[in-house]
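Below, each structure is written out as structure tokens.
Shared chain: chain A. Partners: chain B in the first complex, chain C in the second.
Presenting the complex of A and B:
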């Protein structure tokens, strides 16, 4: 109990609660002093904004995540803490501010799986509502709140999952002892916790815009939306800081002999991802912040309908399309932040389970960079029906379809990798193949949305819902699951249950296919996105029934997954150091990986994936003096 | 190796033929009835893309499936696969061929898009979306309606506005959709090619009543259209007028048959004692209905959310509100 109370998690949450109250009091007191209305109805909006902001500060100060920096500011010594904390049980460091990249990676990964579960549960709830036409048990505002919550919490879960893989794997893969900036790394993880708490709190007041938060609806929305906007803003901060660390580590801390084209391919994927996260995330933060300012201070960025006061001071009307441009300038590339790491995992695991080099390594690496760069020039395809000028729509179509080229390169190289190999099919490989099939249909259902004219039809329908979920399942979720199974023995030193892993796969993959195809069909038949009730005359009820049942099966399969990894982490059989006979450096050291990864520096002497060659990928320098 | 390649290609051809046949025979089943000339171009391109999807899907899945079955590791075989790192000619071809395909698609779509968006038209209709209803104004005919009635075969320019938040004007059978954006005027061009009854369905999340933000659409012959226009002068009978206004503005959220929607049903509402969210009870009379239209959030019926937009005198005049009251009085259980 004493140990639990002293964790950063508990201290931080208490600090956040105090900060939240303080923020409320600040606004109420300020309004009282200024002689403004202090009733809850009148003061709620600014009070919640202030409470949200102060609560994040409260978490930061109370959790100890900025302790070292505060010490340095005061001129006190703040040496980097290393190793497991003394006098604490083993689990304590996972709930505390710890600077070891592997601990942070597990913190990210565990949080992401918890959020996947919550957001998935919410999806099951509103899918039950949609099984039949009519409003069964969710009133429209609650439904709208839940779909927005599902969307944004899944996005946070994915960003955290990406963070988990990157933090755990990149230092190991490049042969470093840790990330370049360990304190920043811990900060980037912990800042997510108060952000997620805000998004959870937003449920109590609700909001009705979905995760996109479009004004003017967002400006007039329910009180929960400010907590949602600010929560996302803070998650974005984490994403930017994480990206700095990943870029610095993968470019600056590579082992001797590890030229760029000899890095494990996942590092390339994370480098491309991080370049996007570093430079695009600001735009969603900015656009959400501007709506909060508009709601709080009446600044008319996006709403064309002016208040009397705004008219009196000659304020020009706002433009709703401005928001959409800012928002999608991040939120489209964000999709590549989600899928590039997943595609990197596919490229990383296929050679291991095919016992053959990655086909066209340089092409695969450059394809990631190409997707990242072209991804910046395509945001307008989310606005093909928004009223944007015709010439912009056509331009954005030409750039959008270009993304198909590097994506195709990846697919063909994966086939080239498998071709003529010696394939085995343990659970991670099954999920890689599942990912390949699902991302294929996700990718192929993309061009009809990319060509403007067909998008005039498909935009904002369930077809898009099907397309998007296929890209997320194939591009992130399946590879992520593959990664968890694959590195599980390395992380825990124990083996997961193979039979349950296969059960998980064989439940989830057909269920996903059924869900995705029925979503797409419902969309083609006229089902719109984000509606609580649909017209029975469309004849889409069978598709909805299939979607709901399949969704529940996926949820059950994920419960089996979580049960398997939790149980196996405690009771599973002890795993060998290199159960997959991988050439990757992290598999050349014992499991779980020692505190400082490698006791001797790595030297790259061979190809990362060429299993036919006698010389290994890396050797350990004979003494640390060789460094 | 050659043997494997031939077998895989056979598998791919079989898959592609099957899926291609599905698209060829099933396309009309996949999409709703087609009812506009612009939609015809859209369906052509969509059909072409479905064929492409079938082909590329078969190509990738065919190779992958074949590999999964043919290149399994034999039990006891601990050796590695061949040391093949790539093939430049293959890489260049699977870069260039998809590039040519997408450039071709872009070029075709550009041509179609500018054809769909060409400015000539025979009829102008001004569409206004507002939470949660659609109003259609015919400036050349001088009429206003909650029902969209259009002549078949005439190219219509829809000038689209929004009174509050972003909505999207969409009739699935016409394919084309375009957002209604407050502060902007947007356009859609549609030539209805099939007579019949359809619905406008708001396609952009606009709040609590979004799901039911529908409006009836009728595509009729030119003669019927002209006859309809002639009838559209506002009716003198207040009950008739009220009925029309209720159908125009209210039925997205308030049913007339007793079923529960976003708001309370109108059936049997007039004269009833109704509990409110603040714990008081009110008799639904002229004054309450008037007040609830002008300032709906002031007295909300218990069990409902305060989500109804206010209708000022610009949207509904005092006479129109009185006509709505007159109509509601007739809705007895």
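Presenting the complex of A and C:
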């Protein structure tokens, strides 16, 4: 109990609660002093904004995360506390501020799985509502709140999952002892926690725009939307700081002999991902901030409202399309933040389970970069029906179709890798193959959306919902699950249960196919997105029924997954150091990986995926780093 | 501190640490510049070829103050790199006061907080108000964080921190300050100079 109370999590949450109240009081007192209306109705919006901001500060201060930095600012020495904390139980460091990249990686990963579960549960709830036409148990505002919550929490879960893989794996893969900036790394993780708390609190007041928060509706939405905007803003900050760390680590901390084209391919994927996260994230942050400003101070960026005085000085009106441009300038590239790491995992695992080199390594690496760069030029394909100019529509159509090229390159490289290989099918490989099959439907359903003429019909229908679930499951979730199974023995030193793993796969894959295809069909038959009710005359009830049942099966399969990893982490059989006969450096040290990864420096002497040859990828230098 | 922890600390040389820190800072600035570019683009998207009537003298004075402050920031950095601590601290303080003057100018006069009749343009005045306050506000916020940064560095320098060999903190502060300055070099013409003044109705 004493230990629990002293964790950063508990201290931070208490600090957040205090900060929240303080933020409310500040606004109420301020309004009182200025002689403004202090009734809750009138003061609620600014009070919640202030409470949200102060609560994040409260969390970070109380959690002790910034103590070292504050000391350094005062000129007191603050050496990096590294290594397991003394006099604490083993679990303590996972709930506390710890600078070891592996601890942080697990913190990210565990948080992401918890969020996947919560957002999944919410999806099951609103799917039950959609099984039949009519309104059964969710009124429209609740329904809209839940779909928005599901969407944004899933996105946060994905970002955190990416952070988990990157933090755990990149230092190991490049042969470093930690990330380039360990403190920043811990900060970037912990700031997610108060952000998630805000998004959870947003449920209390609700909001009805869905995950995109479009104005004008966003400007006039329910009170929960400010907490949603600010929560997402803070998650974005974490994403940016994480990206800085990943780029610095993968470019600046590589082992001797690891030239760029001898890096593990996952590092390339993360590099491309981080370039997007570093830059584009600012624009969703900005767009959300602008809506909060419009709501709080009446700064009409996005609604064409002109006061008398504004007319007198000849001001032009605000414009909601501006929001969509800013928002999609991030949110399209963001889909590559979600999938590039996943595609990297696929490229990483296929050679291991095919016992063959990665086909066209350089092409795969460059394709990641190309996807990242071209991805910046396609945002307008989300706005074909918005009233954007024709020139933009046609340009964005062509650039969109261009992205299919590097994606296609990757696909053929994966097939080439497996071609003629000695394939084995343990659970991680099954999930990789499942990912390929699902990403294929996702990818094939993309070009019809990217073509103006067809998208005019498809936009805002359930077809789009089917499309992006397929891309996200195939591009992120399945590879993520594969990665968890694959590195599980490395992380925990124990083996997961293979039979439960296979059960998980065989439940989830067919269920996903059924779910995605029935969503697309419902869309083609006229089902619109983000609406609680539909016309029975459309004849789409069977599709909705399949979607709901399949969704529940997926949820159960994920419960089996979580049960398997939790149980195996404690009770599973002890694993070998290199159960998959991988060439990657982290598999050349004992499991679980020692506190400081490698006690002697790595030297790269071969190619990462050259499974045809006996000589290794890395060797350990003979002299110890410690002397 | 355990033995291992000690090893980890010492493992990375100052030169290597410095190089990583520089990358980190510059990446952060690249990231920030996307946000500022977003605001800049919003200005052109919403205002097009018009702009509101603003106090040109004020704009010119503010811009000059900020540019001059960058000069003193540079002097501070050069001074510490040559070991002239007094000169370093003095230039840093000058930078601070110039920056503070800029901030007071924006908040007190451009935003009209110190004007008895209040601001000529209010935040709620259509796209003019939104963009004007959005851009100057976001920039002013960065000036404010820069001022805090300067104070921290000044305080550390006063206590004998930094040497001609090791002055990363000063360098970071200087680079950040120049960056904030550079942003204004884009914002000033976008707000004060480009486009025709909108006709009053």
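Just so it is clear, the second predicted complex is superposed on the first by the 612 of 627 C-alpha atoms of A that agree within 3 Å, B and C clash if a C-alpha of one lies under 4 Å from a C-alpha of the other, contacts with A are read in each partner's own complex, and residues count from 1 in each chain.
Heads up, the rule we're going with is that a contact is a pair of C-beta atoms (placed from the backbone, for glycine too) under 8 Å apart; a residue touches a chain by one contact, two chains touch by 3 or more.
Only a predicted model underlies this, so the values are computations on that prediction, with no experimental measurement involved.
Within the superposed three-chain model, A:180 lies in touch with chain C and out of touch with chain B [touch as defined at top].
Look at A:252: by the touch rule set out above, it reaches chain C but stays clear of chain B. In the superposition on chain A, A:359 contacts chain B only, with no contact to chain C.
Contacts of A:456 after superposition: chain B is touched, whereas chain C is not reached.
By the touch criterion defined above, A:42 lies against neither chain B nor chain C after alignment on the C-alpha atoms of chain A.
When both complexes are overlaid on chain A, the residue A:305 reaches chain B and chain C alike.
When the two complexes are overlaid on their common chain A, residue A:319 makes contact with chain B and with chain C alike. A simple residue count on chain A separates chain B from chain C, and the partner touching more is B. Counting contacts as defined above, chain A residues 305, 317-319 meet chain B in one complex and chain C in the other.
Remark: chain A residues 73-75, 79-83, 177-178, 180-181, 184, 240, 243-245, 247-248, 251-253, 278-283, 285-287, 290, 293-294, 297-301, 305-307, 309-319, 322, 325-326, 329, 595-596, 625-626 touch chain C in the complex. On the chain A side of its complex with chain B, the touching residues are 135, 139-141, 144, 208-210, 214, 216-217, 220, 303-305, 317-321, 354-357, 359-363, 385-387, 390, 393-394, 397-398, 401-402, 404-405, 408-409, 411-416, 418-425, 433, 436-437, 440-441, 444-445, 447-448, 451-454, 456-457, 459-461, 521, 524-526, 528-535, 607, 610-613. Residues 1-2, 4-5, 7-9, 11, 16, 19-20, 23-24, 27-28, 30-32, 34-35, 38-39, 41-42, 45-48, 50, 52-53, 120-131, 133-134, 152, 155-156, 159, 161, 198-201 of chain C touch chain A in their complex. Taken together, the chain B residues at the contact with chain A in this complex read 1, 4, 30-32, 39, 41-42, 45-46, 49-50, 52-53, 56-57, 60-61, 63-64, 67-68, 71-74, 77, 79-87, 90-91, 94-95, 98-99, 101-103, 105-106, 108-110, 112-114, 116-117, 160, 164-166, 168, 170, 172, 175-179, 181-184, 186, 199, 201-212, 214, 260-262, 305, 307.
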